[in-house]
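Heads up, the next two complexes both have subunit A, just with different partners, subunit B and then subunit C.
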Partner chain A sequence: MIFLRILAAFVLMGIMALVAIIWLPVSRSPLSESVPADWTASPGEGEYVMRAGDCMACHTAENGPDFAGGRAIESPLGTIYTANITPDPETGIGSWTLPQFRAAMIDGLRPDGAHLYPAMPYENYRMLTERDIRALYSYFMDEVEPVNSPVPEPELPLPFNQRWGIRVLNWAILSHDNGFDGTMGDPVLDRGQYLVEGPGHCAACHSPRTVYMGQDGIAAGEPDFLTGGFIAGQEAPPLRGQGSRIRHWPIQELTTFLATGRNFESTANGEMGLVVDHSLQHLTDDDIIAIARFLRAADRLQHEAPEEAVATGPLSIPYAQANAEGADTARMLTGAQPDMPLGARLYLDNCAQCHFVTGRGSPGIFPALQGNSLVTSSEIAPLVSIILQGARVEGTEKRPMPLVMQGYKDRLDDAEIAELASFLRQAWGNAAEPVTEAEVAEIRQSGEAIGH
Partner chain B sequence: MTFPPEAPLFPPASRARRQFLQVSAASLAMVGLSAPFPAMAQADLPPLEDYAPEFFTPGEWAFVLAAVARLIPSEGAGPGAIEARVPVFIDRQLDGNFGQASDWYMAGPHQADAAPEFGWQTPLSPAEVYRAAIPVFDDWCRDTLGAPFAGLETEAQDEALTRLEAEEVPLAPEIRDFFKILLANTKEGYFSDPIHGGNHGMAAWVHIGFPGARAHYLDWVGQHNVRYPLGPVSISGERA
Partner chain C sequence: MARTDAKKDVVIVGLGWTGAIMGMELAQEGLEILALERGPNRETVPEMRYPNMIDELSQGERHNMMLRPAQSTVTIRRNLNETALPMRKWGSFLLGNGVGGSGVHWNGQNWRPQPIEMQLRSHIRDTWGEEIIPEDMTIGDYPVTYDELEPYFDRFERVAGITGAAGNINGEVQEGGNPFEGWRSGDYPMPPLPVTYNGIKFAEAARAMGYHPFLRPGGNASTSYVNEYGMQMGACNFCGFCERYGCYQYSKSSPQTTILAALFRKPNFSYRTGAEVLRVEMAADGQTATGVTYFDEEAGEEVFQPADIVILAAYQIENVRLMLLSGIGTPYDPVSGQGVTGKNYGYQITGSTSMFFRDEHFNPFIGSGINGVCIDDFGMSANDFGALGFIGGAYISSAQTNGQPIRSMPLPQDTPAWGAEWKSGIAEWYGHQMSIGHHGSVMSYRGHYCDLDPTYRDRHGRPLMRITFDWHPNELRMNAYLKEKIEEIARSMQPDVMQSSYKDYNSRYDVRPYQTTHNTGGTIMGATPETGAVNRYLQAWDKHNVFVTGAGAFVQNTQYNPTGLVGGLAYWAVDAIRRQYLRNPGPLA
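And now, the complex of A and B:
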């Protein structure tokens, strides 16, 4: 039977390919620039690269020691735990040489040649300069306290627990050269481009994913670069392109958000809250402005360079009046008629104190719900979870007051939260699908399962 | 919405016989039906007759039920103290921090007969004042009016409370302020958030037009002479 012969040939080829994939030696990328052998990072330089790269957010468990890893990363394929990257020789990276550290950062390779899971954004760190890699290496080796703390094995089903499979993935996603060459034609914009594309690894969340789960758009010029993605069940809104809300923000509001996690209409929740807390608030004003200017330029938008990242001095921020899209909802809520829909009544009873009948929030303090991607996302869990458990935005050096929203899990039942969430998703011109009681019940239960 | 008139605390003695244990079905229904939204939580509480006091003895409990029913009677314009479950509030308060004076300075020196301007001077906690004063007052009622307070006709109860307020009932200095405490606690139980056991169904708030813990009236600051139409909300989220 010719059919069986063809099948047998395919099976044989498959096995040969697999052997090749598993056994061919891995190769490490060549140096992208020559750095004098006696070059050393200036004091604080390595720590600054760590901040820009936001290593701490992922490599520190909740309430755990810095960089000792063990933070659970929920991937679509299963749970993996971030590595201990303290210089502990046994459980951390204390025995790694600079080339081994560099290979992990830009090639996704462990010293033993095994592939790192692509939750580690080596696809983006690949663009780090050789100097930054060296500065980062000396920071972790010389300035971080070693912590002896083993990390749990990943909880992945077959075939995703086979690290050699990542090799195929890497052939697809690590095709770009390592190192960085700015393409913006301006030193400030190039600096912003470097921070966004490389250490900041913004595309890891804010670019869509391809079918083989690589980032669809890792650099300026690629069509889907930063046009929105998802991370840990949360929508990472588009930073550029037609659907982007932030492209309409005044650039001063954009820099304020990056440096403080809050601005005239938004607060950094969830994953972005960690980014501001551990990374962005520690960057210089010049770098924050460079990032904001690059994001504008990547969208081909004219912009003025702000003089400072965050406006200083006394602030008097006026109450945000209802706009045209929100006027009907604001009028209905202001009327306070007893026959209003239950969702609207619940909004008045529970939410309007801070988010106001205008749905535009309290500028600089509490976020607008109108046009808020967390409210209108196809992923409803973040919205429902915040109603249930509340939220907290950490203070930053320039805006020290933490912002806290209480949870309503004891005050509202599942049916009420469904009514409230559905109201939010359709008020003030928002146009998202309603939420059902059953969906709320499921989110409540999964929250209780992790101790909320 | 009309506010309660400046009525005398004790209504005329021509009221019907006391009905303090008969929680007015009509007034409860009024609270429930006036709300376009389903009421929450408190609707499934056991009736007041079935409430098991945490602090009061059966005799004390009978007194408190009878006394608050005369201080805010059920036959007035709004719900009475019984419908609002004020006795539950007082029982829970006396069983808690307030009753035990646990966060007050109570180490003395005490001079129980000091002038009222000097504040709380008795060495007794509020719970101890209730415990000590109720039997003294009941004995006085028995000697003067022929029965313990809870067993008197409403007219006689009103007379007894009026004379207690007027300090015509001999009380030791340590329990001298019993009536003031009882009256204050009754008002508190009537108007405080239902989370504390009283103001059942927010009936007292509905009655006076207080919209509760919504805490958002910015949009109404400029609306003069317009009645605020929405019913109250409680701390736990009940709607009425």
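And now, the complex of A and C:
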């Protein structure tokens, strides 16, 4: 009997809590700074915040009008579609007031009080300054073309389609104050910190997720901040800590990667390609350098500014020779004996022209495959889909040439691609599990290419 | 007239090397520019993807990348008395088509002319006297000097990403380079590529005879490269598919790898493919052009495109034809020698000696378009024209550009061309052969010219270009001299079998076998309207808003592959447009 009573008490408390969650009015965060009422953004300022915040990548469907939303975001719980954020009053945000816009950005609230799904990174945007929020608001209201285009309802099963459930989540993840106070003790580093933690919302992909799916580390000083995560079936590699490859990059290689989507050993594929295309390439050199310096400072590394964010041509950059880890594979490929494993033979016949027998590519244009997190990731779909469908790194202002790799789906069958991918994952010191023919078949079936 | 489009500041005819250079430089002035390209769009992916691109039958043999003769071709005769007939399959030269033009399908061999080649008539007059110039030889001086062009050669080499070893930096001869080259203000932007075994063997033999071997310069990247526009190339891997192919690995200099993507980002630049320009339209007073009329392939109609500046940046042959069809410059008359448009058509002369070594392996499948060791010891500046009895020069090289099975299967000449013995010949000799060849100048002559064919017309009813050309005794004498020199080197290498392929004194121009796509002249530069169709800034003498780029400007052909001079002249001319013409439109000379 006692047991039943206790149970009944818990149920009653649970119901009361639920009622509270559903019915108690939501609260909106207070202003983090006072901005004069007559303050207006300078020309281009709002657009710049939009670029820094990378609004376009998510809020634009493939080949759709800018900011009209409708891009499908696959979450583990189901599919949601990004909102139309053009100033169309009916299907967009044209009827929103500044406070309503602000609440969406930093509290994750719609004007009707409903909660936004946390695919919208309000957890990070919460750190936006009031000025940037106002600049952004006037940009969307005054400079973006309204597009009348309704977006589909989310495809989420119970209970995840109940937006009030997000409220519980928000109690856990929105515990930090809104607004931004730099902690790096240097104005440039603070600027980098702001861009990374706030508008850039790097942690949304590059920090791990907690059990309740919040970002595990949204600010410098938190132990797991930017130590790697996953996004849309793709690994977002660690940007700091022992597993971070970029900690070995000279700072100018980091700035070059951010501004152009390519550097001496890597290219920005898939989700990061979108970030470079829609956001980072549009930032000033000073901001790119500030971001790079902050990322290195946050990893306790030397962070002296490079001479320029991206070196100006003409530049002749010698390709790298095989290193100790890659020497055996390079020797086997150079020997080109007919009894090499099939994967190695396929590599020689299809890949080595650009990526070289060293597996280290040609700097700035063809990425290294040795130590490449996309190649060795537990998520094999990006690697296999690139072999199948090819890949495209968009051109940028400073490196205008799109880097386009052709696909091999018409040339190699599933078994061959499995052999090839397995070879890549184990060559030059790479040590990842092999890929099976069945896995390739499934990825081929899906027809998906990364970054589209 | 079916349609008139909105006016542009600049219309560019042809989007190859010079169209891309002109577009890029003028786009930086903020001008509204439209480029019209008669062929299709071409990008590395998908158009040049592996392995589809390296299909020798489609590309090498059936010329899929080239202009289709059904769309347009040329007629050819050897002298004024013959009736010219149309080329129905390309042979002696290959006309490119599509975005990137011939810059897509070239080997990448890139040279500057020698300084004396630019002022050749004066050089001969000052050295031997003008009387050594044959009566029918119409060579002259370019109205621009090597020294004036040097910064623009340099600029083009840095944009195009040329590899090589300098032979003369500011007058100081450099070890390992070509000691006969004109001075350069700096080294090549990329070091040379490694060389194949045939080149090493040739270099040893040449050095032993006192010659000065060096690695051929050109547009096959030896490292990763970024040019001033931020465009990029990756290092070449010697796949051996350059000429007649587009490069599938971003290693060959082309408009695609060095200019176009940067140009396409410019909001004030646009281009149309399937847009074949039919003629340049003139103002009522005939002093200036008003734009061009083109055929819009997609719409199936003629379009008038008004523009303030017209740049003819098509291939030499099409540029000459457009000038003649549009009444730009006085048509050249080979009988009276009067007129300029179409004058001084030039070509180049080649010959080679093949050597077979039973016990040597050359691995011919390892090749690149520029691969090879050269000597310039018989070049223009080294030759004593008075003593030798000819005017001209050539560089000699041992190249290994490819080992493609259909066209690159050299066999001893007594081997049957088919059947079991042919097969056993291949088994015996494949990979055991190397060759030494020369690449020589061809002078300009009164009877070598371009005009409109009186009989044959294209699908738009326009006369085809007629080329009148034959080998002249001057070049055949030079050819015989070079044969002797090459065979001397070849013999010193003691091959098991040696055979030569050169024109003899009775040779006539044969349009069937491929020779070179180095057609020049017809829109020649001149210091006066009487001596050239365009002035020293490639501006039409009689229509100041028409500029004509390309090798048509060559007063006489040089001994080298022409692209370096073509690129240098384009940068030289566009610099004058930017600095002078835009401020004050009118004749620049």
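Everything below uses one rule, namely that the second predicted complex is superposed on the first by the 447 of 452 C-alpha atoms of A that agree within 3 Å, B and C clash if a C-alpha of one lies under 4 Å from a C-alpha of the other, contacts with A are read in each partner's own complex, and residues count from 1 in each chain.
Going forward, a contact is a pair of C-beta atoms (placed from the backbone, for glycine too) under 8 Å apart; a residue touches a chain by one contact, two chains touch by 3 or more.
Computed from a prediction, not measured in an experiment: that's the story for all the values here.
Visitor: Please work out whether A:313 is in contact with subunit B alone, subunit C alone, both, or neither, and reply first, second, both or neither.
Guide: After superposition on chain A, A:313 lies in contact with subunit C alone.
Visitor: Answer with first, second, both or neither: which of subunit B and subunit C does A:411 touch in the superposed model?
Guide: The answer is both, since A:411 touches subunit B and subunit C.
Visitor: Which chain, subunit B or subunit C, ends up touching more residues of subunit A in the combined arrangement?
Guide: So, of the two partners, C touches more residues of subunit A.
Visitor: Touch check for A:352: first (subunit B), second (subunit C), both, or neither?
Guide: Once the two structures are laid over each other on A, A:352 reaches both partners.
Visitor: For A:363, is the partner it touches subunit B (first), subunit C (second), both, or none of the two (neither)?
Guide: Only subunit C is touched by A:363; subunit B is not.
Visitor: Figure out whether A:401 sits in contact with subunit B (first) or subunit C (second), or with both, or with neither.
Guide: A:401 contacts subunit C only, not subunit B.
Visitor: Can A:342 be said to touch subunit B (first), subunit C (second), both, or neither?
Guide: It touches subunit B, and subunit C stays clear.
Visitor: Report for A:176: first if it touches subunit B alone, second if subunit C alone, otherwise both or neither.
Guide: Once the two structures are laid over each other on A, A:176 reaches no partner at all.
Visitor: Just subunit B (first), just subunit C (second), both, or neither: which does A:334 touch?
Guide: In the superposition, A:334 touches subunit B alone.
Visitor: Let me check the overlay on chain A: which residues of subunit A are in contact with subunit B and also with subunit C?
Guide: 319, 350, 352-353, 356, 411
Visitor: Given the complex with subunit A, which residues does subunit C contribute to the contact?
Guide: Counting only subunit C, the residues touching subunit A are 43-46, 49-51, 158, 161, 189-191, 222-235, 237, 239, 248-250, 257, 261-262, 264-265.
Visitor: Which subunit A residues qualify as touching subunit B in the complex?
Guide: 319, 333-339, 342, 345, 348-350, 352-353, 356-357, 408, 410-413, 416
Visitor: For subunit A, which residues are in contact with subunit C within the complex?
Guide: Against subunit C, subunit A makes touches at 311-319, 350, 352-354, 356, 362-366, 390, 395, 397-406, 411.
Visitor: If we count contacts the way the header does, which residues on subunit B are in touch with subunit A in the complex?
Guide: Touch residues, subunit B against subunit A: 36-37, 40, 214-216, 218-220, 228-231, 233, 236-237, 239.
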